[in-house]
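Shared between the two complexes below is subunit A, which pairs with subunit B and subunit C, respectively.
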Partner chain A sequence: MTFVGLANFVELLKDPDFWNSVKNNILVVLASVFGQVPIALLIAILLNRKLKGSRLFRTIGFLPVVLSTVVISITWNLVYNSKYGLINEFLRSIGLDFLTQNWLGDPDLALYSVLVVIVWQFVGLYLIIFLAALQNIPNEVLESAKIDGASEWVTTWKITIPMIWDTILVAIVLCISGSLKTFDLIYVMTNGGPAHSTEVMAIYMFNETFKNFNYGYGSAVSVFIFLFSLVLIVIVRKLFKLKGI
Partner chain B sequence: MRRVGLAVLSLLLLLALAACNDGGEEKASGAKNGVIELTLWTDWTEDRPENTVYKDMISKFNKQHDDIKIVLETIPHDQYETKLRTQAAGNQLPDMMRVWPGERTSVLVESGALLPLDPIIDQWKESIPESILDDYAVKGSYYAIPSNVSLTSLIFYNKELLKKAGYSDFPTTYEDLKKLIVALNKEGITPISLGNKATWPLQSVYISTIADRFTGSDFLPNVLSGKGSFVDKNFIQALSVIDELTKLNAFNEDMNTIDEATARNEFIKGSAAMHFAGSWAIGPILDNVENIDNIGVAPLPTFEGGKGEPSSISGVAGGGIALSSQLTKEEQEAAFEFLKFYYSETLYQNLVKANIIVPVNVEMDSQTPAIFKTANSFVQGGLAPVYDATLPAELTDIINNGLQAITLGEKSPKELAKEMQDALEKMK
Partner chain C sequence: MRIRNTKLTITTPIIYVILTIYAIVNVYPIIWMAINSFKSEQEFAVNQFGIPKKFVLENFMNAWEIANFGVLFKNSIFVSLAATFFTVLIGALASYFLARFEFKFSNVVYGFFAFGLLIPIHSTLVPIFILMKNLDLLNKPYTLLFPYIAFHLPITIFVLTSFMKAFPKSIEESAVIDGAGLFRRFWSIVLPMSRPALATVIILNFIYNWNEFAFALVLINDQNLQTLPLGLANFAGQFTTNYGAQMAGLTMSIIPIIVFYLLFEKNIVKGMTAGAVKE
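Entry: the complex of A and B
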């Protein structure tokens, strides 16, 4: 064993597989922030109204959060299967054969297929957070808006969202930090494959460390993940602070 | 109160220390009242048929010998290797221990911890093929005898589906296999069920034997020791077979998204005509197939122009028992007697009954399933090295992912060979 100094980091910066995983990870972050948060917000606003059966919908929405990730991954694997999966079977049965895809087997599609599941899995979590925030909005404010003649649309944009803005920011930060460490779902669904197309940083780190026994290199990747996350979170905090003032 | 507790604690610690010392003394006195006691370390903690067979053999030996006593010590598999290496470093190995072939044995041999079995090896030279015994050979001396063999390349096929495509016998050459694949596709039958999500099957099951057929068994050790290169015409040709099979639509289209067990189930259900797998698939296939007579097993076909032995199959010898070099003359004799008794026809026959592939040809009764008999007979053709058992982990990862990339058309066989060679050179 010899001391290699920063050699592992130098190699890391030149490693195309690693940069591919960084790119994929950024896509996961973007999909989470622009997928999970808006969808959760929309559903939360809808469910917050006195709808019939809104409790049932709330439970359904939250269900993926309670399910074990492994269960989710295996279930979605079956849904996506190109031969007998739910999606392809459905497309075939309505005569849209040309739309059937090898959802997880095609390297150009696999990541997007996985992203859908990631969004689906965590929408419930933010839904509950937003619902709690929405219920904290005092009724007086909403009522006075109504008396002033504000439409539902205006109320939502001018009153509801500004009043829960802090919660939305927290959700976004949670979302980013959560998706930077995403591992389990992808590990079970595709194991980073086919041909590295769904590999994110944590999976790359795991494979290098525990499959190839490159503990030093794996540690370098871990340090990079830490720095990357730190920088991103600091940027996000700075951004939002500016807006908040 | 606290003081009492402290006193009790130190007393306990003292007792624990004393206990340690006791054990040491007992071991030092190898022979007690004329009975030679030999300790054997194993990892037979799990309740598996082969472990029962092994343990039965030992209790039988103890019953038949008044002057030798084998004392079993079982350690869970996950900790076994660590414990063995630590003890070896401290020169405190037990009298006998279970070992595995290749690197794991040679490390112990190089530190001088193991006793060569050369005086008694002749007993097995006839029955066990040389390439299997060689798995335990270091610099010309043998250190253990394998009890079983894991094959990694067998073709299981569905006779009925083959008949539909007009084949009553399994093709023996690659050219014919390709024709069979085309014929099966015409009938709308998936030719080969493959589950390559975990990326190792194409390498361990397919390439291990296919590459051996093209390059010969010396290729891999030569390349690893720097006497050859992966950028080799024959090796690239072997990789191209995967490319060719993919282009022939030999595999199910979801091959990269399902795992090995799922692919096997597809074959068992009858939705594919062939499944390439190792000896691990025999058990599940025997247990789950409705009509076992409909399933056949064949070796991988021969390839025209290949330099390798056309009858060998990739596989590795299973665990064996090695002896410590610290044994006294008397103890050595006793240990040799034990090994001769242990690795006898009876052991192999009992293993065969549990559907474990053994390195020797043993008589099998009519109860033995035909596919097991056939698979067991392939062992006599000799073993080719298994890629992931021979390559360093990093190279295994490259070839695993590279083969998957070949099936997706993202990499050419030549590029993969070059990538492997580059990585190998960088490791030095």
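Entry: the complex of A and C
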């Protein structure tokens, strides 16, 4: 082993495949923040009332979170399967054959198909976080709003959401740090393919290290991922003025 | 901005419709997979959405034999239980000291563990692989214990420390007066009192270890040492068109975790959201 100084980093910054993986990773972050958080918030607000079966909905909502990512990936591969998959089969059965796609095989489509699964997997986590926060809002506040004649719509926008705003910010931070960790799901579903279209930083790192046996280069990517995640999270926390680490 | 006091009120039926759609999207892929694992290949091709006309166990037998499920189960159970045991033991000891004693740098030590919650774990895959390779620790029955224990200590300590900090000091003080030593206080007072938090971290660790994939992928090559997620991924990668056996394998592997979830839902949910809600 020889000391190469910053050669690995220079090479890394010059590699278009690497920048492609950074771009995809950022898309994963955006999809998580703008997919998981709003859906979870909507469902949480709807569930936060006296409703028959609300416990059942919670249990179902959280279920994907406890399953292994490998199980989820293989299941969704079957769901997306172009020949026998649930989605195409469903589209065919209602006569919408022309909408059937090669969901994971088409480079223009594969990333979006994967993003759907990423959002799907973790909505439940944020649902439960929001529900816990919603249940902490004192009842008097909501009741007095009702007495003052505020509609449910106004109460939600002007009272409920502002009161759990801190939790929403924390959820966004969690969402960002969680989606920077994306590896298992994409590794099992597409391993970055077809044609690098779903490659994120961790997949790029894995393939460079263990397929090309380039340990030094792989370590450089690891350092980059580490710093990238840290800097992004620190910036977001500063922006949101969150205390603590 | 003023929001108009619209008369649009959301009625209960609409709420149920939205929630039901959400619930179906959430679980139907799993249910679809589990039901179809009981169908023969021919039936799967023509009848995907119905209940199997004839329940076939052939897929399960295939999966069990080809993917070596017995071995996978055994390995997963061993690794998950052993890693959970050590993580919780070490974590409880560390938490007790962090929660109860002020020593030089105690905040630094706690900060060190809390930092572990932030690290993107996969950025450590390559360094840990190289480290363990040089130490000749790859492909051993205990290989996975090292990263599993190390990376799950932060959340374990986080949950336990905040729980133990809430104990009144007076109980321990009276134990000191009665002559109980440090470890006696830990074993006989603090640990039993922490039972609810211990239950949470035990269950949490077990699920994390049971589901973990990335380290198993990097550190284990030996067929006989693979855990369930690794074995499943390899199996699906190899027998890409044997859908029936894939689905049967998936179904078998999620049954324990779903039973576990339904039994301990409260603890699991509390543990998995602990990092967020506590802040």
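One rule holds in what follows: the second predicted complex is superposed on the first by the 241 of 245 C-alpha atoms of A that agree within 3 Å, B and C clash if a C-alpha of one lies under 4 Å from a C-alpha of the other, contacts with A are read in each partner's own complex, and residues count from 1 in each chain.
In this section, a residue touches a chain if its C-beta (ideal position, glycine included) is under 8 Å from a C-beta of that chain, and two chains touch if they have at least 3 such contacts.
Bear in mind the structure is a predicted one, so any value in this text is a computation, not a measurement.
After superposition on the shared chain, subunit A has more residues touched by C, the comparison being subunit B against subunit C. By the touch criterion defined above, A:Leu230 lies against subunit C but remains apart from subunit B after alignment on the C-alpha atoms of chain A. Of the two partner chains placed by the overlay, subunit B and subunit C both lie in contact with A:Asn77.
Touch criterion not met for A:Gly35: it reaches neither subunit B nor subunit C. Applying the stated contact rule after C-alpha superposition, one finds that A:Phe213 touches subunit B and leaves subunit C untouched.
Subunit A residues 77, 81 lie at the interface with subunit B in one structure and with subunit C in the other. Remark: subunit A residues 39, 42-43, 46-47, 49, 51, 56-57, 59-71, 73-79, 81, 84, 86, 89-90, 93, 120, 123-125, 128-129, 132-133, 149-154, 157-158, 167, 170-171, 174, 177, 180-181, 183-184, 187-188, 202, 205-206, 209-210, 215, 218-219, 221-223, 225-226, 229-230, 233, 242, 244-245 touch subunit C in the complex.
Those residues of subunit C that touch subunit A in the shared complex are 3, 5-10, 12, 15, 18-19, 22-23, 25-30, 32-33, 44-45, 48-49, 111, 114-115, 117-127, 129-130, 207, 210-211, 213-214, 217-218, 228-230, 232-233, 236, 243, 246-247, 250, 253-254, 257-258, 260-262, 265, 268-269, 272-273, 275-277, 279.
Residues of subunit A that touch subunit B in their complex: 77, 80-83, 102-105, 107, 190-191, 193-196, 207, 211-214. By the touch criterion stated above, subunit B contacts subunit A in their complex at residues 197-199, 252-258, 393-394, 396-397, 401, 404-405, 408, 410-411.
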